[in-house]
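Two complexes, one shared chain (chain A), two partners (chain B, chain C).
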Partner chain A sequence: MRTRSASSLMLIGLLLIPLTGCWNSRELRDLSIIGAIGIDKLPDKPGYKVSFQIINPSAVAMTGNGGGGSQAGMPVTVYTGTGSSIFEVIRKTSRLSPRQLFFSHIRLIVIGETLASEDLSHLFDFFERSHEVRLTTKLVVSRGSSAEQLLQVLTPLERIPSDAVYGKLESTESIWSESMVTGVDDVINRLIGPGKQLLISGVRILGDQDKGGEKANLDKTKLPAEIEIKGIALFKNGRLETWLDGGKARGALRIQDKMKSSVVTVPCKDHDDPAAIAAIEITRSRTKVKATVVDGEPAFRVYVREEGNVGEVSCAVDLSKKEAIEELEQRWRSKTKQEIREAIEAAQSRSSDVYGFGEVLNRSYPRTWKKLEDRWSEVFADCEIEVHVESFIRRSGMRTKPYIKE
Partner chain B sequence: MIKRRKLRSQASQQPSGNSVSPLGTDLKANLQRMKQSMGHSNDLVVREFRIGYVQGDAAIVYIDNLVDKKMIGEFVLRSTMSGAAGSESNASERDIDVLDTIKNRILPLGEASIAKEWNELFSAVLNGDTAILVSGYAGAIIVSTHGGEHRSVEEPSSEVLIRGPKEGFTESIATNISLVRRRLKTRNLWMDGFKIGNVTQTNVGILYIKGIAGDKTVEEVKRRLNGIETDGVLESGIIEEFIRDHPFSLFPTLDNTERPDSVAAGLLEGQVAILIDGTPFVLLAPTTFFMFFQSPEDHYHNFQFAIFIRTLRFVAFMISLLGPSIYVAAISFHQEMIPTSLLLSLAAQREGVPFPALIEAFLMEASFEILREAGVRMPRAIGQAVSIVGAIVLGQAAVQAGIVSSAMVIVVSLTGIASFTMPAYNMGISIRMLRFMLMISAGLFGFFGIALGGLIITAHLCSIRSFGIPFMSPFAPFIAADQKDTLLRLPRWFLNTRPRLISQENTTRMNGSKPVPPGEAAEEGSPDEN
Partner chain C sequence: MLKEKINARQLFSLIVLFELGTALVLPIGFVAHRDVWLSILLALIGGILLFLIYDQIVRQYPESTFVGSIRQIMGTYAGSLIGFLYLGFFIHNDARVLRETGELLVTSAYDMTPLFVICAFFMLTVVYVVSKGVEVLARTGEIYLLHVLILGGGGTILILCSGIVHVENLLPVMEDGAGKVLESAYRYILMFPFGEMICFAAILPSLNRTSSGRKAGILALIASGTILSAAHAIEVSILGSNIYGRSTFPLFLAVSKINIMDFIQRMDGLVILTLIITSFFKCAINCYAAITVAADLFRVREPMKLAMPVGLVVLFNSMMTSNDWPEFALKGKVVIMGILLPVYSIAIPVGLLAVHWIRRSIGSKSV
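Moving on, here comes the complex of A and B:
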């Protein structure tokens, strides 16, 4: 009797297991893996137009089967929906997508320029709240086109466009340093941090915007439409104010101590021959920002210490001489200083403390910060900011004297 | 030597059901009774002759093919028939036990005794001994004349080593004992004999090193062996099932081996070996979980390699236990955990697969197990064909037909290969079965299910014991000194203690001495010596 009741109990327990019915299980076949999300503003009414770049695995993965990758279709499909909240659009898109949208592998969130120039500070709640979206997903602002258009552009080599953009972002950040990789978590930190404003890299379509989504885009060696990383968007209170490009963008990275490596071109002699230049590769750059308070007025000093190699010289200069090196260092120093000054001016003129000077002040002079916190934007615009640069050229490459004779 | 032990234990352990009945004095009647009780079997050989010593009738009885006939002719018949009758056959001496005299003076054989009861006589004859019955005396001289066909000592087939002795046990317990004794020349190697099985009367011997093996363990082994009540013992597995702890556990709590060097090593660590006549597999008790991961070769190669291989073995153990379940869980519950490019390639592969991942895994695992079982049972000549068909049909065609994804084939084959790295086959069996359970729980609950299954398995492993020793020792309970030869295998001179729990009595193995180059030896050695 005891064994019977025990065995029936066990049987009931075993029956409970299949009753769960694998409630959380999702087959891979039933998932649409999203590579990127684009968010645009609706033109006339409040709300969002959200585009999903869905990866077509069989076109991307190129699994054997006789190498028939070409007939597998486009590597991505873009679905677009509109609604007053992002979450709403996601669910609404089920009307278009045959499979459930799956967000855990999003690489990129593209924000349309029109949306960015209004207000995007309310945008990120969904991304933080959702358990599927990763906070490390990168953000970019589409420049000159809508996010939807940008998501449609097909890319060669890297078959998934979102991966392609991500790769471009990473490599420009690390070897050219004119753009920065910003994740959703960085943006949220900046939004809740004291007085700090947003900086998000820009992305634009180079060439014919309408051709990007066609398969023909991949059939040419020189693409009709390409995606290019271009500049950094400077925000004030969640609103896109201006774009930092070229030297300004590099200056912006320098102030934030995010300069990893880049190439700076400086004139190599005093004369104004534009062809006589020396290209210096920055190998190491460290930035420190220090705050001082004089009579209740905050002031800042930006210290930059950079090291580099001479990578290319197009005039006759003997780099085995100490003087020649010092002269180059001097020119490099003033170039760096100029880039940083420009970047600071761009921020100060928009009275947007994108580089986090306020946070430096808060750390060193918390009491002064408390007093200034409320009107920090105006105070920042008039702050005295000094720039000190030390530049060192360490190596001159495989040769000292160029073959060019004067 | 074996004989004596055997007989002694036999005396203390009467075969149940048979009452003691002594032999009669009438030779004819005795022989008649013997033939009758063996159903006039053809192979019972009765040879009557006149014995030289007492000048009377006598007979030898033996079973054909169990005995060494040359030995009988040479030493039993010749010596008893001729017998130096005249010289010592005084009237006074005739009265004292003639059987004893024959045994002591005439038979030039090592092992001989006198049986006075039928049971004793039968069991001796059935064991391959020869009985000499003399007319007028109620008793039989038992002479050990074991012989007959045996497999010779060969390389063990189930435990193959690159480096190490190539001898393996055979089906003869006497040979097996000799193989062990040759390795352990100590008088402390003690042996006890049992006869188990009412019908088979199988000789079972336990071997242990007195002073190293725990006395309690030895007592416990004896107690459990004595408690066995069965009609037949044909293999060590039968004994194992009778004496093991936790008979319902999936995990083996007794190790078995075909290698005399493994047995010797086990005895040196304080284990008790149980040898069973008729099988080359010897049981070792007590056994802990980690012993199943150790190969004798770990100690024969250099220690760096041993550590490398042991680590690899644990990794392979994890793969073979968890491989398919992790794959199933990740692919049907935790897609976010898989790197994007891998996920995409998996998704592309699974695009056409009609089954959910769990079913797919079950299909593949089941067919792999079928293939493996077929490979074991198949005659060797066909085996190759089976493996080709298996590889091509299951590997290639199933993927191309879109029934399974190639990733699943990879997972299953990796799992299969990993499971072959286990040195102990019986542990491999438990893993194979547990793998299916974990796959189900992974398919139902994802990683949560795997964690749950893992927890249950771990809790179970920690709760069981083998002859009083916690199965998970030296990890639960944690014994620092025993870590030297568990996951790691430190150099020989570090291993100066025996496993603490197994050899409770005498844990110091040696005063380890590191090899010293001759130059240094002179410097370091001299102060100690002088």
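Moving on, here comes the complex of A and C:
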């Protein structure tokens, strides 16, 4: 029995060795956690300039100290490298970074506007193949500045800028619905066929770009440089064609059934006073796109059904009366219709089906789609698209008649 | 030799774990794309038929092992020859399962670790469990079925709660016509994973009540087929058919997209754990089949002494079978699914059954 216990002890000892998983072990101290990547075009030769926003955990942890945080350093550091492939640049940047770059926590990929205007369809293979990078990483295009500059801007309320941009993106998609959140897998699915082209939200620096990266940027109550989510980039075959702003961007979200909530301002009364407006908060919005085929030609109908509350008025409209509500609904309806029409017009004029009409056709009429697939962009530009909107104002908040007297 | 008995519930767990094997995680719908769920259900029907054929063969000679039954049908020399063919097939199939699992683990998690180390450790555990006999394996299977169901159920709930499923990705159904769906079902999925059930022909003699074994087997196939179909449908609806068709490990990608309240994220561990458990059983059952066939052919009195040698052969075979993953995948498509599996899991068993019936009818006529 002694040999049995001795050999089983030895066996247990031997079995403990592989439990450590030594071969693939990576110590946390040896890793640089990347929050965001920025990709820019090199001005004179082919290849990319890739910037990495590396999170400095010790600086982020000292959240309580406002002024005393200067000892810990900046919450992020930005390293930049150049090369002909993204993977190459990542490894090359080891010449600058004291630790190995670690991508599992990456939140954001920023693409420079100049690169997007050329062609961004070749960028994403690395992100697909790597098992570290998640498919849920979000993409934005930097507007009016390079991605490198965007990554350098410090933000006040959220210490890690990539988290700040991520938070802004998600928040504005849900309450203002003029920008959309696009993930890497979304982009890849949209780069594949003509049936649904690419739309990416834009981000820009408001104010002085050069001051964005300084600590002094955070020492003021109103910052010299701020990051703002602005507009949606419309692509055709991987190339940035134009920017959708304001109502067009909202229309773009509406067509894709991504409108969550927003505020629509409509004129209050019949007179032309531009200051007399009513603001309607959209509480629910559902969009359905249906395809029909007439004589082999595809046509689409967009059905929008939205509900909202009146949130603010600046004229003496009596909201306790049904007629007033109906009038406002009528104006709201026409404004929604106009926004959607503008968004469709923007896409059709550029022959780029960014809203997925082709996919809708594929789902209902696959045989027609097969015939038209190769020249879908041209067919789409001439398609007839009807818009039907139903708008319902349900409530007017805590008051009925406004206190404003005419 | 057949002193050990397993009951119907254990057979059920073994079959379900075996079928889920690597088929759960690999993109077996590489031909049918969106309609993979339909192909799986179609192939399921064929799979049940195959299982009934194997069950019938084993049932004719309830006191013999699989090889013994073959010998009785075809005569001693032809029977031993066929037995040798099966031995080679089982060993190679086991090597393929081992290699597949190792490659998946290396691609998704252990990228710095040599493949040989992972395969060696895996095979060590397989050999250890198998050397204890089929009863132990079956009991372990019962327990692990519960584990896999909990992992799978939990994963499915998380997926459904995180709102990443887009059912539109499954439409339009059969956009390339029913031809592709049928081709995918009967040329590929019927072979892998349903055709690999031939290994169970070596385990079926160990059933204690043969009648409920048949029912348990059919139920197990239906259950595993449904799970596979649902899992692949979910994968396609999350990833879209394009990304699904191009990835090496679609279940991993699908689960890594789970993001609930920014808190529950990156549940990759769930998938890797499921892969390891189900592949373990697939490997172990193949290994057991190889060992019993070898023991029978070489008249070894204690079959389990062969566990370690067979394990070593399988390990080295898995290393040598291909240089890289694309070659491995191509071999799988052309050689295994194209030639070997149709022969070993359809042609030979049908032939055996046919010979058996002919002999019986001639025999009864001559009497």
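One rule holds for everything that comes next: the second predicted complex is superposed on the first by the 379 of 406 C-alpha atoms of A that agree within 3 Å, B and C clash if a C-alpha of one lies under 4 Å from a C-alpha of the other, contacts with A are read in each partner's own complex, and residues count from 1 in each chain.
Quick note on the criterion: contacts are C-beta pairs under 8 Å (C-beta built on N, C-alpha and C of every residue); 3 or more make two chains touch, one makes a residue touch a chain.
These figures come from a predicted structure and were not determined experimentally.
Aligning the two structures on chain A places chain B and chain C next to each other without any clash. Contacts of A:T136 after superposition: chain C is touched, whereas chain B is not reached. In the overlay built on the shared chain, the residue A:N24 is in contact with chain B and with chain C. In the superposed model, B is the one of chain B and chain C that contacts more residues of chain A. Applying the stated contact rule after C-alpha superposition, one finds that A:N362 touches chain C and leaves chain B untouched.
Of the two partner chains, neither chain B nor chain C is touched by A:K230.
In the superposition on chain A, contact is made by A:P57 with chain B only, not with chain C.
Of the two partner chains placed around the shared chain by superposition, neither chain B nor chain C is touched by A:R333. When the shared chain is aligned, chain B comes close enough to touch A:I33, but chain C does not. Contacts of A:K196 after superposition on the shared chain: neither chain B nor chain C is touched.
In the overlay built on the shared chain, the residue A:R204 is in contact with neither chain B nor chain C.
Between chain B and chain C, an angle of 50 degrees opens at the CA centre of chain A in the superposed model, to the nearest 10. Superposition on the common chain A brings chain B within a closest Cα-Cα distance of 6 Å of chain C.
Applying the stated touch rule to the two superposed structures, the overlap between the chain B and chain C interfaces on chain A comprises residues 18, 24, 104, 134. Only residues 107-114, 117, 121, 168, 171-172, 175, 239-240, 242-243, 252-253, 256-257, 259, 266 of chain C touch chain A when the two sit together in their complex.
Interface of chain A with chain B (complex): residues 17-18, 20, 22, 24-29, 31, 33, 55, 57-58, 60-61, 63-65, 102, 104-105, 107, 132, 134, 160, 163.
Looking at the complex, you find that chain B touches chain A at residues 331-333, 335-336, 340, 343-351, 353, 356-358, 400, 406, 440, 443-446.
If you check the complex, the residues on chain A that touch chain C are 18, 21, 23-24, 104, 128, 131, 134-136, 185, 188-189, 192, 359, 362-364, 366, 370.
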